Amino acid sequence: MSKPKFAMYWAASCGGCEIAVLNIHEKILDVDANFDVVFWPVAVDTKYKDVEAMPDGDILLTLFNGGIRNDENEHIAKLLRKKSQILVAFGSCACEGCIPGLANLSPASEIVETAFSTVSTDNPNNVRPQTHYTVPEGEIQIPRIYPTLRTLDQVVEVDYYMPGCPPESHQIAAVVDLVVQVLQGKAELPPKGSVIGAGNSTVCDECPRKRNVKSITSFKRIFGQPIDPELCLLEQGIPCNGIATRSGCNARCPSAGAQCIGCYGPAEGVIDYGARLITAFASVINSTDPEEIDAILDGIPDPTGQFYRFNLAGSLLKAGKSAWDKA
Amino acid sequence: MAKYLLYPGCSMESSAKAYADSLAAITKPIGLELEEIQDWNCCGATEYLGISLTPAYALITRNLALAAQQANGHRTVVAPCSACYLNLAKADYYMREQPKLGKMVNEALQAGNLSYKPGSLEIRHLLDVIIYDIGLENIKSKVVRPLTGLRVAPYLGCMVPRPDYEGRWSDHEHPVELDLLLKALGAEVIDFPLKTHCCGGHMTQIGPETAFELIRRLIASADQYQADLMATLCPMCQMNLDAYQSETNRHFGTNYHMPIVFFTQLMGVAFGIAPEKLGFGMELVSAKKALEKIGLEIPEQETLLTRPKKAEGLPMPKPLPLKHQVAKKDEVEK
Amino acid sequence: MSDVFEPVIVGFTCNWCSYRAADLAGTARMKYAPNIRLIRLMCSGRLDPTFVFKALANGADGVMITGCHPGECHYLEQNYKALRRFHLMRRTLKGLGVEPERVKLVWASAAEGAKFASEVTAFVEEIRALGPLHWGKALGNGSTPNVAEEAVGKEKMEVAA
Amino acid sequence: MATPQTLDPPKAVPKMIEDLTLLEEVSARTAGVSRLEMCIQCGTCGGSCPSAADMDHTPRMLFAMLRAGMRQAALMSNTPWICVSCYHCVVRCPQNVHIADVMYTLKGMAIEAKLFQDSTAPDFSQTFVDMVEEYGRSYEFGLATRHYLKHFPLRLPGMAPMGMGLLSKQRMSITPTRIKDIKQLKAILKRAKEIEGDNHG
Amino acid sequence: MTKTTTNQPDGQEKIGVYVCHCGSNIAGMVDVQQVAQWAGSRLKDRGVVVARDYKFMCSSLGQELIEKDIKELGLTRVVVAACSPHLHEKTFRTACERAGLNPFLCELVSIREQVSWVHTDKVVATQKSQAVVSGGVERVLHHEPLEPLTVPIHPDTLIVGGGIAGIQAALEIADAGYHVFIVEREPSIGGHMAQFDKTFPTLDCAACILTPKMVQAGTHPNITLLTWSEVEKVEGYVGNFDVTIRKKARKVNVEKCTGCGICQEKCPKKIIDDVYEAGLGYRKAIYTPFPQAVPKYPVLDVKNCIFFEKGTCKACQKFCPTDAIDFEQQDEILNVKVGNIILATGYDLFDARKVTNYGYGRLANVFTSIEMERLTNAAGPTNGQIVLRDGKTVPKAVGIIHCVGSRDRNFNNYCSVICCMQSLKFAHLVHERTGATVYNFYIDMRTPFKDYDEFYQRVLEESTLFVRGKVAEVTDAARLPGEEGKLIIQVEDTLAGKQRRIPVDMVILSTGLEPRRDSREVGKLFGISCSANGWFTEKHPKLDPVATMTEGIYIAGCAQGPKDIPASVAQGAAAAARVLGKIQQKEMALEPVRASVIEEKCSGCRICNNLCPFNAIFFHEDRMVTEINPALCQGCGTCVAACPAGAITGTGFSNEQVLAQIDGLLLLNVGDEPIPV
């Protein structure tokens, strides 16, 4: 009998996720062994129309990475949803917007302007993209940018979420294993909508650093001063997001002496990732004097960036006001 | 070595020349570096404030603005004159307490392309700097001719210990700093009850009778304690008590002879500097006799007016431990 | 609906002081703007920024948080924690381009019914001045956003000759 | 130099009705935060004042008068002029009222309203200020002589020896000193006066 | 992964909505019928099966209406839209309970205090009411049945402080047949009152009325006196406190000691007694603070003992007839279990040396009120003779200054309550014992309470000279004839409107009361708060003046604020009554509004660890997880809001409940424009 079909797609994202998948070493052979890769723009040459031609639900597993930034992204998201039995929001971008989601702090028009008119751009005729344009070879179409980037589940129904920027290879391997097990009837799929390839607690759970009762009198950048290699970074005033970030990465950054920046997104059941950090950080500030508190908070120069680096599009407010005002 | 910006004030160049001379004479021995604020102007004394708010504060603040320009790294302005000290400190404080005032003053300063950010300078009195920065031990070590046997009434007047916006002094009513300094010089310091009472201020000019009464109180009290002289740190006080003493005597038919000298002059004497270098002789009520006493034994006098030190009878309460700044200087403690 | 903008405000009140202040305003028949809807928490320390973001995301134009006066917290010191969170929350909103003034922290003791009433009315006016946030309408709840023409203005679509 | 401006004797002022804006006005025109409204009439100020004996009203009474809106009587009082700025009342006041600064305010208002019984003090202040504005420094000799000539001609002989003493001991100079950038100072003061004008017309 | 839309109810729940008219109180401004109809129709798919309006929901008929629906329609949730929950939440919860529905499945939303009474436009008020009801419905969907947790009450009581308030409380409880531990810092109970001579306004002798009570407390079978002891640690919660007490070494074996007093006689070391004699008298290195001390056993003051300084002496030991002196004796640590605690830790006196213009400590003949108490006390250093510091001269003129350190922003801005009467008492005593001229300097004369003003009248009759004015300064600087050698009181006589200088021989400073220097630490130790000034904060200033925010901890006497003896005694008794009430209950129910940690979600980040002022949160180092003690938790929810992993949940005010209520209030649940105002 023919192998179950596998697809992977790359919407608004950096491509790191594809690398991560290839990074699972010999496990990639299992993928090949167990699946028939029908659609994977970076790996195999399939055209959209080929996918459109497939019967609905023909694909068993689709790993969709990247957010929905333009009409092409949305079209393919909907298409793959129709064609796939299991659609996985793969990686931070698809799950919660990730770095591309930070563009939600500015209106789309500004983004286009920045892209086409800043010094970094060589654009002598000051050209702007157009959705339709006729060239001698015929008419070409360029995707239309949306006012904001949306997460996959804000556009289509998603079966599973796999967080991480990118997801850790050992986690991907584990998921591949799981699916293979399921195929061989050796395992059950987790309930729809659940997060796979990650833990249920937060990074601290896997973090080797010592921790005590916290009482913070100042926040500092991690560079330019001695850092106790044993002690919890937050206790040293380093704004480490590990406390609120889903476990599963084996606390890579903190164990390596860098603060967690939160790529694994919120813990199980958390509604707004940033809110958790705001309240947690504020809770352990050791001051009752408004001015002193403000002075201490100056140690977090860009709270929005600190708290929503990966989660903005997936947060309650989803975007900066300037972006939604235009919407 | 600390470096300070000096705001001398008008009197230092005229009525309080003795203060200026003696200060100049002692700075080297105690290693006090002073740099005069260039082209400073009068602080308005106690007069301008009573005429018009913004101009008065603008007048004062021009000096701070100039000082701020001149101060590279050093932010302490030292004023030897009480009124100057208070006016500078007050302007700085009120512009902080009431930003509106700060706005108006800076708007005025704009007209002279100047500006001053309240709180950017630290305004301190000369004595404050000598006690807390130079330190008593340091001063003791410089004493070659202790003022042994000289009974001195320490007199600070009003505007140094009060209102004391920054809490720099040990007390508003009975601060100990001057006493400690004079003791360090070896003088016999009387517990002068009126040490921070008023010398009459500008009343010598506008209501002499009022002023004479205030002068009388001070001189009389110091005399009761058989002080040989009064040591002050304020040109106005010195002027009133010294220059108006004879007039006061005439007014009340008294015959006091109480020399009024600047504490810096006594420091100079103790450091062994020649009196003439210290502005002695400029005082109208001569300190000659008092100076002669230095070094001589004085017979024990029963009649001296002193308070019962805890003799027989009921014990006295222990004195209150000095405020932090004093306390932290252990040498001051003893 | 009248044409003047009527802001929608969600208020979070401490069960021990400000909620009672609201009750007092009632028993004293003090009048204030009806634009506010109150939610009772045990303590301002219970306030989770999630609540505020949720309210704003779901159509509120402003959020008022009220608690016991500093030093008077029913739970000793929890209102100070609310104070810190409030500060950080406002900074974050600012970063998101939302006027921080849309979230206000008010201390009101159980005795301050009048203060509560006047604070509400004042806040309503402040928000009215800021204008609607209409966040929900724009992005809320998966409403399909309108597309490029609006994002990238038509005229920009032409090549600059 | 500017001809010394002297102030006219007070004109009769019609009786005023209670002026309840007085307290506020004084507060508003005082540097810093006056806290005048906090006075509990305890008398610490009146008790502390070294020159109270010569005052028409103790500071405490004066504050009561301000509350009662007795503008004319309050501004007429010699109390602010007798104040020697010793700040005893200020540090002792249980309500932390900025008493001394309120006195300065009242002087200013009295001059503005030309309400004072005796022009000695206002004159002195004015003369002093004139000199400062002219030279940027105070000029004791000019000040003393001019002032005493005008107000205590009879005292001059008595004062002469002292004056001579001061001169002979170079504690007073006959010629005034002028600061370098007097232009700048004058400009600043000019602007300051305009601002003051805009503030309380 | 974030959901903004309201999650659909599973359809299991049956909700009843009841809108109250409250006569015309609500119906006058809110169209209650419409609100009910709206809820019935628009909120149908949210689970509302019945919505009624009724004239008075809180009436028995109204309650029966609910009970009937619960039984017949099988309601699983109830929302009542009426007055403030603070008024009738209990009423409706009980109604539900009667009908067999868990009381916590009932939600009361206020449309009276917060709608009809404060708004003026009926249409708007009605719309707002709908929104409020909608919020209640969404919220109640997430309610869960809760059972109040009950804890047993240990019958023993700890009283901290053996002053008159503490003694009174102890006797009340002990007489009722329950055991009491009194912990007192000093070697004897009695407190400040034991230092006093006469007590106003009746002038009966303090010792005469206090000593019997002290003896009673000392001998009572139900009272354990722990003097020369301090509380070191308090663990547990109402009904079940574990208290650690340090019994400082007396160096005296109380089993053997008979209190004969020979040791004190023989002890060669004389020390100024700063505590009991207020620095005016002396004591030995081994001493009982005063003859009537309870217990009678002396205490050896190691700091001043020659043996401990130089290694020789031991006079006390040599002469002790019962060989009770034990230089080796060490501190003892006791652990006691108690159900309730009363703090009666009293006050400190304001340090008059801070008011330098009054010269205390500099001018010999300026005395403080407590020094005066000792001077006038027959058992005091002068045997009750009122004399100057020289120990012999009787003053001819005495000035008494009120409000020293009180009502003054430079020191304490509050009124110390007792000073006026205390000053009047001194005026009387001085007049009576010396015939001296007495001046009283006051800002305001405050003589409320029974027979106080009568006493003022009496002192007036004794021709005491009253001067209304806060004294500016006390000086020895003579200025006028007749002032030499005197203390001059300079003051504005505000009624005469002139400054006066009044020469006197003696000045008495009526010094104010201050919180104990360590009141804040003590407050922390017992988990209660202090006011800005440092007095312990009562649960309610009027309606619950002896209870505190922490269940099972009560306050009495000056620890709660300045007060006189009658008030302290009354509070002591009141606190005792409250404690007895608790003991009688044997066990008590705690509000089930509590926080708890979901262990598998807790990553042990310890963010929450220092957030709880009630010490309910503790961390298991071994398992690296945090746990919350439900009995200690007061349910504020601060930790719930703080947990970055969302691992802490709070019953009664869970995230789900609040978030759902937001949706409801904003009418997202019915897909309307958020609140058309």
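As written, the chain order gives the labels A, B, C, D and E, with residue 1 at the start of each chain.
Convention: a contact is a pair of C-beta atoms (placed from the backbone, for glycine too) under 8 Å apart; a residue touches a chain by one contact, two chains touch by 3 or more.
Keep in mind it's a predicted model, so treat the numbers as computed, not measured.
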Touch graph components, with chain E removed from consideration: A, C | B, D
item	value
Chain D reached from chain A - shortest hop count over touching chains	2
Centroid-based (C-alpha) most distant chain relative to chain D	A
Among all chain pairs, the one with the most C-beta contacts	B-D
Chain of greatest Cα-centre distance to chain B	A
Separation of chain B from chain C, taking each centre as the mean of its C-alpha atoms, in whole Å	57
Whole-Å separation of chain centres (CA-atom averages), chain B against chain D	23
Inter-chain centre distance, chain A versus chain C - centres from mean C-alpha coordinates, in Å	30
Inter-centroid spacing, chain E versus chain A (mean Cα positions, whole Å)	53
Junction residues of chain B, two or more chains touched	172-173, 217
Chain D residues counted as touching two or more neighbouring chains	53, 88, 91
Numbers and ranges of chain C residues touching at least 2 other chains	48, 50, 54, 57, 77, 81, 85, 142
Which chain pairs touch, all of them	A-C, A-E, B-D, B-E, C-E, D-E
Chain B - residues contacting chain E, complex	171-174, 191, 193-194, 217, 220-221, 224, 307-308, 311-320
Chain E - residues contacting chain B, complex	272, 279-280, 351, 353-354, 356-357, 360-364, 381-382, 387-392, 473, 475-479
Residues of chain D that touch chain B when the two form their complex	29, 31-33, 50-51, 53-54, 80-82, 84-88, 90-91, 100-101, 103-105, 107-108, 111, 120-121, 124-126, 128-129, 132, 136-138, 140, 143-144, 147, 151-152, 155, 158-159, 161-162, 165-166, 169-173, 177, 179-181, 184-185, 187-193, 195-196, 199
Complex interface listing, chain E residues touching chain A	1-4, 600-611, 619, 638, 641-647, 655, 659
Interfacial residue positions of chain C with respect to chain A in the complex	48-50, 53-54, 56-57, 70, 77, 80-81, 83-85, 87-89, 91-92, 95-98, 133, 135, 138-139, 142, 145-153, 156-160
